[in-house]
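Structures are listed in the sections that come next.
Each of the next two complexes has chain A plus one other chain: chain B in the first, chain C in the second.
Moving on, here comes the complex of A and B:
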């Protein structure tokens, strides 16, 4: 390590909802040269790669370089001239930028949605329906003796989750994996399932009926449960319910296997009700395995600014919330929006092809550090600093704990917060004019 | 020409996740333009690991490279989340904003076609 090199400790990782806050990052004064303790996902994000060097504006079908002033002005013109602007993304940036974004969308009377709608949006809907069990990951680490991953695969999606918070983590009242039972429910034997004390394979799309059968057994009505439900025998279901009742502290980490499959939010309503009912016998809770590092923060900011956690429509002059209508996929499917502001996200990759089609026909504004498939559709591209690496701010962990992500190096790129501050000022100016 | 009928599941993988901020790279194509089936299904398809297969659903088709994952039961094929999986995913959101990304009825078959790169895939939309 040379004299100019600096080690920054207790760095918070801005990749997944685990928000590990123990990383060590070495910089040489201008760039990051080493990342320690992060998993492969966090390390690749913090180390970074080739950037969009300058703002870009599409002219005659080709993107040409522009200044920030020019690109922000063009974006502001597009947004203020739109009848039905849509914005999507906002999960891989900090709360301060999201707040500016909410004010911008309110100003232009647009629809604002986050990546939650195609991730844990159904969990949020279920929480609105039947309530939210929950605790911090610290409680899980200290107390849980039964850890269940249902439709989630942390070995691939949240690689340090088990070591820091759940299965292997040593807590005050738990010595680590010797003191815990790990159960995995999934439709395929994942790497997480390989580590489990018990893996239960279920049939795709059968989560809802399995939860119903478990609730029926729990309420003492096992006589009406058929001999097999969703690929699990009745005897096994009885054994699982019994094991859950005997837990000192049980937790279900629900994944996209529940939200992105048949029955969507109904799966979550049912499992939350199951958790509620098990609490008559044992302390039990549920935490959604939030994907993007600040998707939980978007929900917080959007809720405290508008009253609703995602998919908000400002076009009426008051906030309208109706997932299924005001969610990004649906607005695109109906070919309703006449401009599209994409922030720290990549809908061209992550939405079904049928939803992406409308992006060809409308002006797309992209605010992102990196070139990605959405750039292929973009008319204005505004490169931003990577929040949590090159810009600081607040992010919410999957259990709702806010943590401060840091600026580790100085860069030439403005932060998302600065970009939206300028865009908001410009839009107000244009609308005033 | 071998073919199998399976439920298609998409999701995060370590390789896909560590290249997702670098989607214009070859590494991303290698990580996301793949389809995992078990050894038995590989035999039914009559292909070897690394060959291309075509995934077809009611919503579209995509050519991806086949890999073995014996964690998948016979009834399941897995494609990492990304533009190849989304080329065969329906856009109906069930009235809640969420397309069905997991559990799509699909046919996987051997093919001579090649895998489209990200730009070609976007150009085809």
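Moving on, here comes the complex of A and C:
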């Protein structure tokens, strides 16, 4: 460490929904030289990689360099001239930028959607059906004696989750893993399953049946449960339900294995109902393993701004919410939108083919610190500061705890918040004219 | 711009103005005695009141947003398109931030207190408060089920407790001390509850009674503008009036010359007799008798009106009970080392006996309590019903005929299990002005900060209603009362006309009120090692990331107090 180097403590990691807030980052005044305590994923996010250096505008099929002013002007023109603009992404930026984004889409009468619509959207739909019996991660750390990962693999996707909050964490009423039982339900033996006290392999697409069987057993009707459900024997199911009923404090961490397999939101409705019903016997909670560090924040901001957590359509002047109709994938697939604003996301890689097809035919605006396959479709590219590293703001952890992510170094790039603030002003100007 | 509000009929109870025809001037956002070249608002034949002060409402933060997320069907019930100045609105019982600000302002309210802020998620509450337009606001952090609080209570260390409360108020930019089912919410973290004031909280071995008394001591030592603000144990239970009265009695003999020492909230939900839903009945008369006999206590009502609303409280076990009754949706959110919360949609039906009784209790209380200065009218929005029911509630209080009309439509159990049908009292204009302006401002302690009155130097927050107290007899013309209070002819906030004839005409940002208690540094230093240990070992975030940064109160109104 040289004399000018500075160590910043208590840094919040802007990568996954665990939002670890104990990182130490060393900077040399202009760039980050070392990241301590983060996992590999967090470290590589904070260290960063090759950037989009300058704003770009496509001309004659090629992207050429442009100034920020020019790029924002061009993007604003595209948006204010469209009849049905669509925006998507927003999970890897801060709430302050999302607020500006919601306002911008309201102003131009567009559709606003987040990456939730292709990951935990089904969880949100289930919450709308049956509610959300949850708690903060510290409750798990302090109290849980039964920790269940269902269709989620934190070792891979949330590497520090178990050490900080769940299985391995020490808490007030728990000395750590000796005092907890770890159960993993998954279709294959993941790295998380390797460490479990009990790994229960389930047949692909059978989660719904299994929850139904468990609820049936819980309600005292085990006589109608067949001898085997989804690859689990009836005896085993009875044993599992019994274990859950005897928990002092139980938690299920639900992952994409539930939201992206057969029955999707129905799986979540069923497991939430199971948790509700277990609460008549034992304290039990459910926490969705949200992926991007601020995808939970998008849901919060969108809900307080519009009343609904994602997929909102402003074309009627009031807010219209109808997932399946107003979700980004569907709007694209119906070839309905005539411009597409992508923020800190990569639909070109993650959307179904039919939806990506339409991206070729309409102007695409990308706001992102980095190149990704979506850049190939973009007509305007606006490079932004990396929120949580180069710009500050609010992010919500997977359990709804809001933290302020930091600006660690000064950079030449404007923040998302600044970019959308300018775009909003410009759009209002153009619309007023 | 300066204003002259000319010839209105003014009710300004704090300044003892009781329906006088007079002029009011504003300049630079304040009430003044004269102004040069003001814009004139003709208020001839109109009712002029200080801006409404909502003393207990749930408008911002995790549980309100959980309600919005869980209830798109509620969102659809309140849609309004964006306007030139206004943002798109949604929601009926859980309106979005814009609808919240506009609807309060259109009804003439200019200050709203969010009554339950979970400290660890305070940043969220403030993010929403920033976005609520027009009205001034504040938020009261929950403090009773904290491990730090209970440990101090157990060891009897009032110095440490006082320092801890001061620290939380600073860290959360909070307004006072909220108590919700003391001890019961910690028990709920294990799926349990407490059943009365003398149960012991699991593992912490303190009683609800001890927690309440200790927090009251801390509150008074810090000289906070407001008293402790308590949601008693056993909310919603038949027979809970015993617990309620016993709670009130905990501070018997404790006095503060400036204000009450205990504010008991949504008293309607705590004034029940009977031992089950079969013999469930009103005990509003007994609760009112206590309030009438004691001057150190204030209450708010928490009136129930018949509708499909969303219940939300920090009282996790209570919300679970409501879920078991309704079997609809249930949201729960326990917050480590501090508190909990729950959200459950709820339909109050006029023909359902317990609901009819609850409705009656909410109307009985203000008619049975003699002194309107001891109460604020609230619906515990949205727990009893959305705040947009206020005009109907005012009409019920001002007109026996209106009550008779309504009683004939609800379940007849109100005739046997409540005394509402026998009450003749009708409240007057001044009573309503007290219970929606002057008293809430006094009770919260913001009367000294320019709220709740129209004296010189007060904030120029004024509501003008298109109704003449000289011409209308509220007893007979109750429909006119309802209409007139539904929206103002003018709402003026900090000297600016923000609403006119039910239309928003300006959208300034309101201020956030919070308290910054100063205490002896040695007390704070002695407390901190304990707190640091809590963060090191048990919280899931670091101490350095806990306090709410200044960025979350862009328009601060800081009230500094000096502790003893």
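Please note the rule applied: the second predicted complex is superposed on the first by the 433 of 433 C-alpha atoms of A that agree within 3 Å, B and C clash if a C-alpha of one lies under 4 Å from a C-alpha of the other, contacts with A are read in each partner's own complex, and residues count from 1 in each chain.
In this text, contacts are C-beta pairs under 8 Å (C-beta built on N, C-alpha and C of every residue); 3 or more make two chains touch, one makes a residue touch a chain.
As the structure is a computational prediction, the values presented were derived from the model and not from experiment.
Engineer: Should A:269 be classified as contacting the first partner (chain B), the second (chain C), both, or neither?
Structural biologist: It touches nothing on chain B or chain C.
Engineer: Per the contact definition in the header, classify A:304: touching chain B only (first), chain C only (second), both, or neither.
Structural biologist: Second partner only.
Engineer: Tell me which partner A:390 touches in the superposition: chain B (first), chain C (second), both or neither.
Structural biologist: A:390: touches no partner chain.
Engineer: Touch check for A:313: first (chain B), second (chain C), both, or neither?
Structural biologist: A:313 sits against neither chain B nor chain C.
Engineer: Name the contact category of A:248: first (chain B only), second (chain C only), both, or neither.
Structural biologist: So A:248 only meets chain C here.
Engineer: So in the superposed three-chain picture, is A:124 touching just chain B, just chain C, both, or none of them (first/second/both/neither)?
Structural biologist: second
Engineer: Output check: A:106 vs chain B and chain C. Expected answer is one of first, second, both, neither. What do you get?
Structural biologist: Once the two structures are laid over each other on A, A:106 reaches chain C alone.
Engineer: Quick check on the output: what are the common chain A residues between the chain B footprint and the chain C footprint?
Structural biologist: Touching chain B in the first complex and chain C in the second, no residue of chain A appears in both lists.
Engineer: For the complex, which residues does chain A have touching chain C?
Structural biologist: For chain A paired with chain C, touching residues are 9-10, 12, 21-22, 95, 99, 103, 106, 124, 127-139, 141-143, 164-165, 170-173, 248-249, 276, 279-280, 282-283, 285, 299-301, 303-309, 314, 316-319, 321, 394, 396, 400-404.
Engineer: Please give the residue numbers of chain A that touch chain B in the complex, ascending.
Structural biologist: Against chain B, chain A makes touches at 15, 40-41, 43-45, 48-50, 113, 117-118, 121-122, 125, 153, 155-157, 159, 187-191, 193-194, 201, 204-205, 256-257, 259-262, 264-265, 291, 311, 323-324, 326-330, 333, 346, 348-357, 359-360, 369-373, 376-377.
Engineer: Sort out for me which residues of chain B touch chain A in the complex.
Structural biologist: 7, 9, 11-14, 17-25, 59-60, 69-73, 75-76, 78, 81-83, 86-87, 89-103, 118-119, 121-123, 125
Engineer: Quick check on the complex: what are the chain C residues that touch chain A?
Structural biologist: 60, 62, 64-66, 68-72, 75, 78-82, 87-91, 94-99, 120-121, 123-124, 127-128, 131, 147, 189-191, 203, 320, 323-324, 329-337, 340, 343-344, 537-542, 544-545, 549, 551
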